[in-house]
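My questions all concern the structure below.
Lettered A, B, C and D in written order, each chain numbered from 1.
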Amino acid sequence: MVITPIHYIVVPLIAAFAIPLLSKIHKELFRIVPGIVMFYNIIISFVLMKEVNEVGYISEIIAGWEAPWGINLMITPFSGFLASLISVLGFLIWLYQYRFKKVIDVDEIKSYGILQMMMITGAIGIIITGDIFNLFVFMEIVAITAVSLTSFYRGRDGAEAGFKYLLIGGFASALILLAILILYTQVGTLNMAEIAEKMHTIPLGIKSTILILFIVGFGIEAEMFPLNGWAPDAYSQAPGPTSAAFAGIVVKAGIYGLIRVIYTLFDIEGAFDFLIIAGLVTMIIAEFSAVKQKNLKRMLAYSSIGQMGLVLIAFGIGTKTAVFAALFLMFNHAIIKSLLFMTGSILMYNSKDKTISSIHGIAKNLPFVSIMFAIGAFAIVGLPPFSGFWSKLYVLTAAADKEMIMLIIAILGVSIVEIVYYFRVVNKLYFATDIEHLDIFKPSNNSLIAMGILTITIIVIGFYPDLITGYLHNAADILLDRSSYIDFVLKANVPIQ
Amino acid sequence: MQEEFNEIFLKYHDIISLGVYGTAIGLILIGLYAVLMKKNLVKIVIGLTIIDAGIHLLFIGIGYINGGTAPIFSPGYEDAAKRMVDPIPQALVLTAIVIGFAVTAVALSLVIRLYKHHHTAKIDQIKSLKW
Amino acid sequence: MIAVIIIIIMAVLLLAAAIYSVIHRDLLFAVLGTGIVSLILSLFFYLLQAPDVALTEAAIGIALTTIIFIITIRNTTRDEDEIIDKENEKL
Amino acid sequence: MKKVLVIILLVIIGYFLANTFINIPFGENRIGDINAEKPTAAGYYLSNTKEKSKVANIITAIVVNYRGLDTLGEVTVLFLASTGIASVLYRRKEEEEETERLSLPSSTIIRSGARVLFPIIALLGIYVFIHGHLTPGGGFQGGTIVATGFLLMLISYKGFNTNHNRMTWIESLAGLTFIFLGIWGLIADNTFLGNIPEVGKLNSLLSGGLIPIIYIAVGFKVAVELTGILDILLKIKPKK
């Protein structure tokens, strides 16, 4: 059987519907099956990436109806890159969480596995679909699973964070629905390529209304200021692997929606300036909030929002270098932030009140986890031998090309803030020994392997950034090439009579 | 009965369009007011469902065509396709209603759990996390 | 002409039911208000030539949504301001 | 103070929306010529459904076939919602035994009424989703009606229990049926969810190829899903 993009959606769905039956056969199956699915996702990504590098685009039509009439799935180098990134991360997160909790009820972990797997599938669906309403449906899949996962644990305030997320997310989906509605009255289609083709026929007033609705709607998922109130709570209350998935996967899908709308659907230049301003405000506020956090996961969450602000700035600059830098940043943020959340939640398991100060000197007891956390921290602030350095450098280069001096100063200034709060944590891990740690929660071997793979990736990409830069350049070029996307989807669209 | 209404829809077009659009926008605003102002969690969820209802009415409203019939071929009227209303918004609303129900159900289950934990359903008394 | 009046009455009732369900302090009545919103909405859908959607709204909006709201209210509180609950606790 | 701000915000949003919708005339034909060489999506559905899908209800054709992926997603959303609710309101086994379901005051009239009504409601629901491709209604509507019937039984009989094992089986099998019919399309027609409309003629029960079968599977799935959600919610232990 030939591998096509629909496998990304069909295989996890078969697994999700079958897991309740399979778990009647053997209790271990519902832990293993999501892993198999995630691994199969990697295979799909590998095959499709190889193909897309040769041909440029892959479009698959569903139910036999050609592009503007049916739903089509699109793999471009840009979306293929994100889908592969998510697949790999999804597998690593599964590896990390396999037998994550020591004592847990069977029914509970069964729903956990299904929800986690479907959240990743929903995120991939957002990225590969070529139809705007289909994107909305996948967004709802992500929202519902994310909310259920946030409120998964009983003991914490998960329900509160979950309700908050649901409220803001429900608002976001209402706005996107409204935007789709107005868009439909103007162009009479839901296919993204055809919308983009007909975009110039919409009067400017209505066009900007639609754009605002879309930006606010997707901005919520992409953690844009001031729409990110849900994020720190959700990150800090969700189970550890889920926080990693939020940072690595859900946010990426939100950013993708924003970028696809602004870059491909619309042809309004002012949107780019808006992205820079929104990104700048998001970044500055988030990084300064991160400094005063006492809870480690909350701190990581704010730092994640700040990084997303930087990504928005890079996309806002809009040149080829900048888009390339933004993609590189997204890649780095995905792997590094996942690593930080994975190691961070193991560290947090060993503190009673979940604060940074209660893990003083734990490096002695947990040497591997601590060193990996430290590497992640160094990488994300952009210290030279690690991969984070290159992405920040490229962003600065892109800003310098456009002579945006203030922007460069702001980014550098914020980096100093970042260094301050990350080094504070690393410092406490290693050089403070006033607390005796008894009864240490050790990570299992598979968690160590998952974290180790991420750490090695960070170091390898740090030394050989060329491993992925060529590919990212290609993806950036194609993302900026709006008309070829339209042509590819619509050229084959002679009416079938 | 629907044929009768069709003629009237054509005749009093302005009033009807105000009736449909105005009601829909009114529903959205009322729901938004509830979400922003109300402290009770159940009331907030009610607000969300009212916003959804408004958007669904808007969808059906934009899909309507003066003098159109429902997009179903009944026996004997096989050539009715030219007079049918736009079917796509209707299909989308069908999806949106079911999704809205799912979201409401999840929201209410969270409300129940919050009530069990905090013994209150008021938003200003549930703030272990900063709201 | 009567039909126009009917439609206008429907619109007014719809908005009134929505406002009622937002401002009424007794949540049970508020939920009944949303049920009425769904009922009139499905009539609207029927008149706008969307029988499929009308049927869905009738089945999901009127029946199921109202029921899950009522179950929630039974498990939490019926009074929006929770004054009655506090008095009960004192007793 | 907050109230004033909110009302100002609402006025702005209302003005914004009204301004937008003034430019979108009500009742205007936006479909265009349905027989044009390149019609709009709606025009394409209106002119082609009859011949190519052989389904009388165009909404059904759109929901199940043209935009079948949406419906698959929608069924998944319901499935995930019921999984999520179960996990949010999850209780351990020992807690579960002492709870009693919410039920109406037990009286003979209610119980016998429910017993009479239940088969009628269930039959009506099944009728609606079997005829989804001919008349208004379909899997979602029919499934919801069946779930309402179950609700009636759940609240009038204390002893009436949904068989969990059987529910899981129906739920999983209905979902898998949907996907495997889609894969059948992948094999026969080379696209996922591809239809095989050769069977039957318009306006008869046996028409539309795979569309009615998929919609029936959706109906079963929705019915079981919603009954499951109601069952979980009804089993919560109420406050004293």
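Operating definition for what follows: a residue touches a chain if its C-beta (ideal position, glycine included) is under 8 Å from a C-beta of that chain, and two chains touch if they have at least 3 such contacts.
Treat the numbers as computed from the prediction; the structure is a model and nothing was measured.
Steps from chain A to chain D, taking the shortest chain of touch contacts, total 1. By number of C-beta pairs in contact, A-B leads when C-D and A-B are compared. Note: centroid distance chain C to chain D, computed from Cα atoms, is 21 Å. With centres defined as mean CA coordinates, chain B is found 31 Å away from chain A. Mean C-alpha position of chain B lies 12 Å from that of chain C. Averaged C-alpha coordinates put the centre of chain A at 38 Å from the centre of chain C.
Chain A has residues 133, 137, 140, 144, 147-148, 151, 159, 162, 185, 190 in contact with two or more other chains. Across the assembly, chain C contributes residues 51-52, 56, 60, 64, 68, 71-72, 75-76 that each touch 2 or more other chains. Taken residue by residue, chain D touches two or more other chains at 24, 30-31, 41-42, 45, 57, 59, 67, 70, 74, 77, 80-81, 84-85, 88, 136, 140, 229, 233, 236, whereas all remaining positions touch fewer. Of all possible chain pairs, the ones that touch are A-B, A-D, B-C, B-D, C-D. For chain A in complex with chain D, the residues that touch the partner chain are 6, 9-10, 13-14, 16-18, 20-21, 24, 60-65, 68-71, 105, 107-108, 111-112, 114-115, 118, 125, 129, 131, 133-134, 137-138, 140-141, 144-145, 147-148, 151-152, 159, 162, 182, 185, 188-191, 203, 205-206, 209, 493, 495. Within the complex formed with chain A, the chain D residues making contact are 16, 19-20, 23-24, 30-32, 37-42, 44-45, 65-70, 72-74, 76-77, 79-81, 83-88, 90, 92, 168-169, 171-172, 175-176, 179, 182-183, 185-186, 189-195. Chain D meets chain B in the complex at residues 2-3, 6-7, 9-10, 13-14, 17-18, 21, 24-31, 34, 41-42, 45-47, 50, 56-59, 62-63, 67, 70-71, 74, 77-78, 80-81, 84-85, 88-89, 135-136, 140, 202-203, 222, 229, 232-233, 236. Residue ranges on chain C touching chain D, taken from their complex, read 51-52, 54-56, 59-60, 63-64, 67-68, 71-72, 74-76. Residues 35, 41, 44, 48, 51-52, 55, 58-59, 62, 88-89, 92, 95-96, 99, 102-103, 106-107, 110-111, 113-114, 117, 126-131 of chain B are the ones touching chain A in the complex.
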